[in-house]
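Okay, got some structures for you below.
Each of the two complexes below includes subunit A, the first together with subunit B, the second together with subunit C.
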Partner chain A sequence: MSETPRSDAIDRRELSAEQQAAVEELLFRLADDEFVHAERLTEWQIYAPTLESDLAIANIAQDEFGHARLWYDLLKQLGYTEPECLWERDPTEWTHSLLVERPFDAGDWGDAVLRGYLYDAAERIRLEAVADTSYAPLADRVGKALEEEAYHREHATNWLERLTADDDGRARMQDALDELFPAALSLFDPGPREDDIVAFGFRTESLAAMRTEWLETIGPALEALGLDVPDPDQVARPNGRGRYGTHTDAWHDLYDEFTATYREVDFETPAQLRATEE
Partner chain B sequence: MDLETVMERAGPREFGPGDDLPEKYRKAATRMIQFHANSEVMGGYLDKTFTRKAPSLDRKLANTAKVQDEIGHAQLLYRAAETLGVKTRAEMLDELATGDGKFLNCFHYPVDSWYEAPMIDFFVDGGAMRRQATLKSTSWTPYAHAMDKVCFEEGFHVKHGESILRELMNGSKATQERMQETFDVWWPRILQFFGPTNDESVHDDFAQAVGLKTATNDELRTSFLNMYIPKAEKYGLEIPEYPRLYERDDGTMAVREDDLDWEEFWTISRNEYEGSKEQIGSRRRRQDAVEWVRESLETWESSAGPTPQTAD
Partner chain C sequence: MTMPTNAPMDAEACTFTDFSEGDPSSEYPKTGAEADGIEAEVWKALYEVEDPEMPVSIVDLGLIYDVDVADGRCDVEMTLTYTGCPAREMLLNDVKCAAETVPAVDEATVELRYTPEWNVNMVTEEGKDSLRDFGLSV
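After this line comes the complex of A and B, so read on.
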């Protein structure tokens, strides 16, 4: 990751209309994934198998909400409000991947571990792909998120080793992988402005290259644990494309739940508990 | 050490794992700390609900952090209880899931609205703060140490709850009315948080004689009322007419205990209230659902190499 900004770095005041639309798409993809992933992970708080694993998964959820806030803050700098980003945004405009919106079955800790693993592997790749972004405000924020992601991957890997150590655990993890893998592929689906995102240098890798890197990362690692990784070209993809705002029913239920209070109390602005950044 | 010596020496942070303490002391301390630890876990069941309902991203972050703190407190407290050598943490957690473990009355009432967040996070946690502050001088040193950290963090929780209350009471008229209705329901439960008057409490005498407990229920309730009635009123809440409060000769506030539903309280304390069954049942089902994970972990740990690591 470069410490000094690119010489062709673009500040937000210099964005053309097309550039702004592209950078917004990139930021919403990042932010929505983090927010929805965290929202699902918090379902494990108090329900995790041990007090230690409870703390760990809560900690990860907390980090991901924090990252979501980093990216939504950048959108706020572009003129969005928090309600426009979250509370009043139509659920069909959200662009998170289908992986993160999936509900957890009670007790399916294997899903939580494997989902975290697949997600965090992709997260590293996509953060590295924006570390050298031409969008200056984004470049400033990537380092912190990358540091935390290293811990998340370690957590997921430790658990994967343990849960695949016996036949029962491995069978459960294989089921989870078969379920999650097709949804995880949507992490790398393009949105309408994908070409612009790369052309303007907001992201320095194409989604196709990132998907390949991800498959090459998770494939050998999971196979070394005795799991069969499905062929990405053979799996049936779930309905909905995530990135284009089409989602599974589970997303709409989740959205209704987490926006319920906001709709009911009708505050002028959502509470901000820290100093606002310019 | 015999009981007489324990009573003679009883004082703040007087005893620790190095002391040879009588079984009666160790059991009483275990019961008290286990109750406290269980309450942290079961309080989390309520706070967890608020995370999903939080109407701002910052509130959501504060809420997940709070639930995390509570599990951290449970961890600390079970450890402080374990050092007494009466029960292991696994035994205490099992008792919680099977319905043998006891916990605070307020956490036997399931919640389903954001309006209840300040009831738990401001009033109940505020009440807990009153109690916990006095427990910094408990005679079992590991418990007192745990209280140092717990009180520090609870201070933030109460501020979080207060901030939610302030915001809701600055909302629309409908929001304020809804807040008042919620308060009316919770207020008697909160008053009962401190338990019955001293002469009706089963375990108090001994716990005080050996320095485990350093304030009476009455003192704690009085201290809570003096501090929290003005705060509730400041934000525009009206204190319900019943249960009646009155001023003592010394100017402190007290409750007419006859106005409170003690049958419900004692049903709760036996884990037999409807809400108790719901909350404990939820705990049991959730723990059963991840039993396979704990079994996998045990397999792993018993077969792991010379430097076993724990997944956390």
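After this line comes the complex of A and C, so read on.
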């Protein structure tokens, strides 16, 4: 990325209240998607089909956690604490898309591969759409994340080719596509401050334009593998809107799971070597 | 060594990861060679901090982007080799503590920066020698 910030770049101390609310929405959308996607990917650890694929998907999850941290760190600079961003945040306030919260059916590696593909294609587009952001602290971080994403797409594409190489595999991938595609569309659903995000230059593309680019990216690629991409205007959308803070039941289960340790550890009481005698 | 290891190892198209790309700005890596006074002492202290996995100084790795000292307060800017680096908190603390070993520094802060993006071309020749001694081909 360019090392020269935009001449109209805005630093965090210069944000108006309206600007801060808009940049927070943008950052939470980015961070929540990365965090929840990574959280789901870790479920594959020790279950992926080969040792190499196990290591690869664990590394991808680690990268996505790293990216989530990039964006949550910017929220911390705006005054949020880590518990407010993650461990104590009401699950209904999370703004990730419905794609990333979906549970995996046991052993459905095709879901993991296709989900990664749909997500990573969208992630490239959304990172490029903030590469020239007016928010200076965000501009500093985008290039590094984009650079790391190239491996993810290469991984997904390699596996997609292999899994669609025969009729049986292609039929299973088609089922996965029919399931995931409607949920993936929620990646591009707007939040309440969408207009401000674009008007203030925090993102330089509209969600509508990004959605079009995503459809034009994944459509021909998947069709070249013999898959039928559903018509985005015809598919039935899942319950819950993701971006609006409403989610499927699976999200609430996942949230309870990854916050369990935080809730169970009693931070107020120092750990003791021996239990107190009665 | 906190390098990216996220290459799909089972993919034919990517049997190894090429870290040679990247054209860092000519001012990097920064090693403090031109620093003087208290800042030179801070750079010297930072040289003592090693990567948590490999015997190489983080200065030679090219992770330190800036050192600025004024009125006993030291601000260090640094990067990480990749964003998911699990040693982040440890490294930030090591750098802060190292800077604060300099008698004229009362307090040090460490801030992360990701531009320019680190790549292996930002390792100094001394750092490459250390990595080669350790068995890496760089």
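Remarks
Following the convention adopted for this analysis, the second predicted complex is superposed on the first by the 265 of 278 C-alpha atoms of A that agree within 3 Å, B and C clash if a C-alpha of one lies under 4 Å from a C-alpha of the other, contacts with A are read in each partner's own complex, and residues count from 1 in each chain.
Definition applied: a residue touches a chain if its C-beta (ideal position, glycine included) is under 8 Å from a C-beta of that chain, and two chains touch if they have at least 3 such contacts.
Being a predicted model, the structure only gives us computed values, none of them experimental.
Touch criterion met: A:R141 reaches subunit C, while subunit B stays clear of it.
In the superposed model, A:F65 lies in contact with both subunit B and subunit C.
Of the two partner chains, subunit B is the only one touched by A:R172; subunit C is not.
Touch counts on subunit A: comparing subunit C and subunit B, the chain ahead is B.
When both complexes are overlaid on chain A, the residue A:A56 reaches subunit B and subunit C alike. By the touch criterion defined above, A:P270 lies against subunit B but remains apart from subunit C after alignment on the C-alpha atoms of chain A.
Applying the stated touch rule to the two superposed structures, the overlap between the subunit B and subunit C interfaces on subunit A comprises residues 50, 52-53, 55-56, 59, 62, 65-66, 69, 155, 158-159.
Interface of subunit A with subunit B (complex): residues 35, 38-39, 42, 45-56, 58-59, 61-62, 65-66, 68-69, 72, 82, 86-87, 106-107, 109, 155, 158-159, 161-163, 165-166, 168-169, 172, 257-258, 260-262, 264-267, 270-274.
By the touch criterion stated above, subunit A contacts subunit C in their complex at residues 1, 3, 50, 52-53, 55-56, 59-60, 62-67, 69-70, 73, 139-141, 143-145, 147-148, 151-152, 154-155, 158-159.
For subunit B in complex with subunit A, the touching residues are 41, 44-45, 48, 51-62, 64-65, 67-68, 71-72, 74-75, 78, 113-114, 163, 167-168, 171-172, 175, 285-286, 288-290, 292-294, 296-297, 299-300, 303, 309-312.
Put simply, subunit C touches subunit A in their complex at residues 4-14, 17, 25, 82-86, 88, 112-118.
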